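Shared between the two complexes below is chain A, which has chain B as its partner in the first and chain C in the second.
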Partner chain A sequence: MNTSQWHDALRELTGVTGVLGALIVSADDGLVVAETAMDELATADVAALAAAVVSRAGRCTDAMRAGVPSSLHLAAEQGALLAMAGPPPLWLVAVARHDAELGRLRLLLRDFAGALR
Partner chain B sequence: MTDVSLPPASAALQGLAFLELGERLRQRGQFAAAASVALAGLGHYPDVADAHDLLARIRTDQGHDAGAIAAWHAALECDPGHVGARKGLAFIAFRARDFTTAERQLELAAMQAPHDASVLAALDRVRSVQPVSAAEDEPRFTDPSGGLLLYDLQGMRLAGGIGESDDAALADAVAAEAAGLSREAARAARLLGLGRIRHLVLETADARVAVMPVAHDAALLLRRGAAIPIGRLLALAGRAAQAADDWLGRMR
Partner chain C sequence: MRVLEPWVAAPLTEFLGESGARVALVMTSAGQVIAQHGFTRSLDVMSAAALGAGILATTDELAHILDARTGFGAVVHQGVRQGVWLAGFDTPRGRWIALVVFGPESSIGLVRLFFARFAEQIARAAPPLVPAREVLAEGFERELDQSLRALFGAS
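Here is the complex of A and B:
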């Protein structure tokens, strides 16, 4: 998948009802690699915070001897953050409202994360 | 479901040819001879889990369920991750219509072998016949092998364990890391304007894990095999969180 296809995928993700933005994040440094988002979403913050949660999740599953996380779904009262591992160190991340189509979003994230090469 | 498994391919290389011989005799229906071979082998190799597994399968064929259960427990003492022993114990429980135990054993097997089609198929079958009841997966905070860990946000374990063993040091280490994860997730949700966290679900190749807040200063972690549907995982975690809330209230 080239960068143009990355942006196509991100646009498809943000086309899902309730999705505020989608981005490709480098989990090593918490920086945005590519993004498509509504203006209200601070994508740099999303990248940094998602990378921090992913890092903590990895430490937790490592302590559990459960392997490396391949996906993460943080659900909160007003919305959700979903992240799916791509080729290291990339993660595909989406932020959605609480009423978003999370099932469909999750499936798309998984498909696109697997194609991020 | 089946209790049949193939003899280990490396048996001959390890000088454990009696495993193959015993298995062949078992498959031919010569159970007494197979048991003699297995017992003689165990006399020389008492720490080989596959030898106990072989004896257990022979005992099952002979209709000696108690002997089979004892042998499979012996196999698990030698190798806590022995999938065959878990499947065997699940088979005996299933036959006795103890579906909760059968499912639990298969979930533990699935943790060890998340891509084993026979384990996943057996899990599906157990779940398809298991009546839905309030007792299903009752939260067990005092059972370290229950896959349910309750901890405070300072990283101290309050109760439970992570499922694969009753290793308290391991559970303490997980509680410390899980508390860090809970705090980081709550911080991310707050700074992104998402409000209070409801739950966090992690997936790995081997496991699905739900993390859920309990009261204002604690959280629980529920670990199950990768085969469990996420909705069911969250339903179980929700029930456990409610029970944990009550338990903490009584403790305080």
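Here is the complex of A and C:
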């Protein structure tokens, strides 16, 4: 998948009902690699904090002797963050409202994250 | 942590805690140290302040040459085990510079995020500027000694 296809994938993700934004994040440095999002979504902040959560989750799964994490689902009162591991250090992250089509979003994230190469 | 301006301590403490940074140095654009955390030797602090101010001055000049009117926000050096974040920010006391060293427990993204908040807090917390007093020869050594003790301790 090239960068043009990355953006196509991100646009498809944001096309899912209730999705506010989708981004490819470098988990090593917490920076946005590519994004498609609504203006009100602070994607740089989300990327930095999502990368920190992924890092902590990695320590947790390491302590569990469960290997490296492959996905994260952070559910909040008004929304959710879904993240799927791509080829290191990339993670595909989506931010959605609480009433979004999370099942479909999860399937798309899994498919696109696996193709991020 | 050592601070020359006490009101800098709370925002800097919060920044260090949130970002996970290991070392921080806050200075004026001329290289005068305002606060430091993580340095153990005064010589290191002064050297880092001088070098950091020099790097940013060089970068600003480079931005000028390249006609980048807003300048460059920050300079980042990313190493294998640690990185350095160097950025200027405007305060009611003039333009200051922060030099931040972070390890693998943090990231450029986290430092960038919480540095922006730190700069905002500093701008809000700064007390009104008191007109500078005339420095008299008899008080100069005592005041210099007080400043050095505040930054580097009693040694």
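Quick notes
One rule holds for everything that comes next: the second predicted complex is superposed on the first by the 117 of 117 C-alpha atoms of A that agree within 3 Å, B and C clash if a C-alpha of one lies under 4 Å from a C-alpha of the other, contacts with A are read in each partner's own complex, and residues count from 1 in each chain.
Keep this in mind: contacts are C-beta pairs under 8 Å (C-beta built on N, C-alpha and C of every residue); 3 or more make two chains touch, one makes a residue touch a chain.
Computed from a predicted structure; not experimentally measured.
By the touch criterion defined above, A:A47 reaches chain C but does not reach chain B. With both structures placed on the common chain, the touch criterion links A:L31 to chain C but leaves chain B unconnected. Once chain A of one complex is fitted onto chain A of the other, the partner contacts of A:M1 are absent, as it touches neither chain B nor chain C.
Put simply, more of the residues of chain A are touched by B, taking chain B and chain C as the two choices.
In the superposed model, A:L107 lies in contact with neither chain B nor chain C.
Of the two partner chains, chain B is the only one that A:P69 touches; chain C does not reach it. Overlaid on A, the two complexes show chain B and chain C touching the same residues of chain A, namely 45, 49, 52.
If you check the complex, the residues on chain A that touch chain B are 42, 45-46, 49-50, 52-53, 56-57, 59-81, 95. Against chain C, in their complex, chain A makes its touches with residues 28-31, 44-45, 47-49, 51-52, 55. Those residues of chain C lying in contact with chain A across their complex are 78, 105, 107-110, 112-113. Remark: chain B residues 162, 164, 170, 173-174, 176-178, 180-181, 184-185, 187-189, 191-207, 209, 221, 223, 230 touch chain A in the complex.
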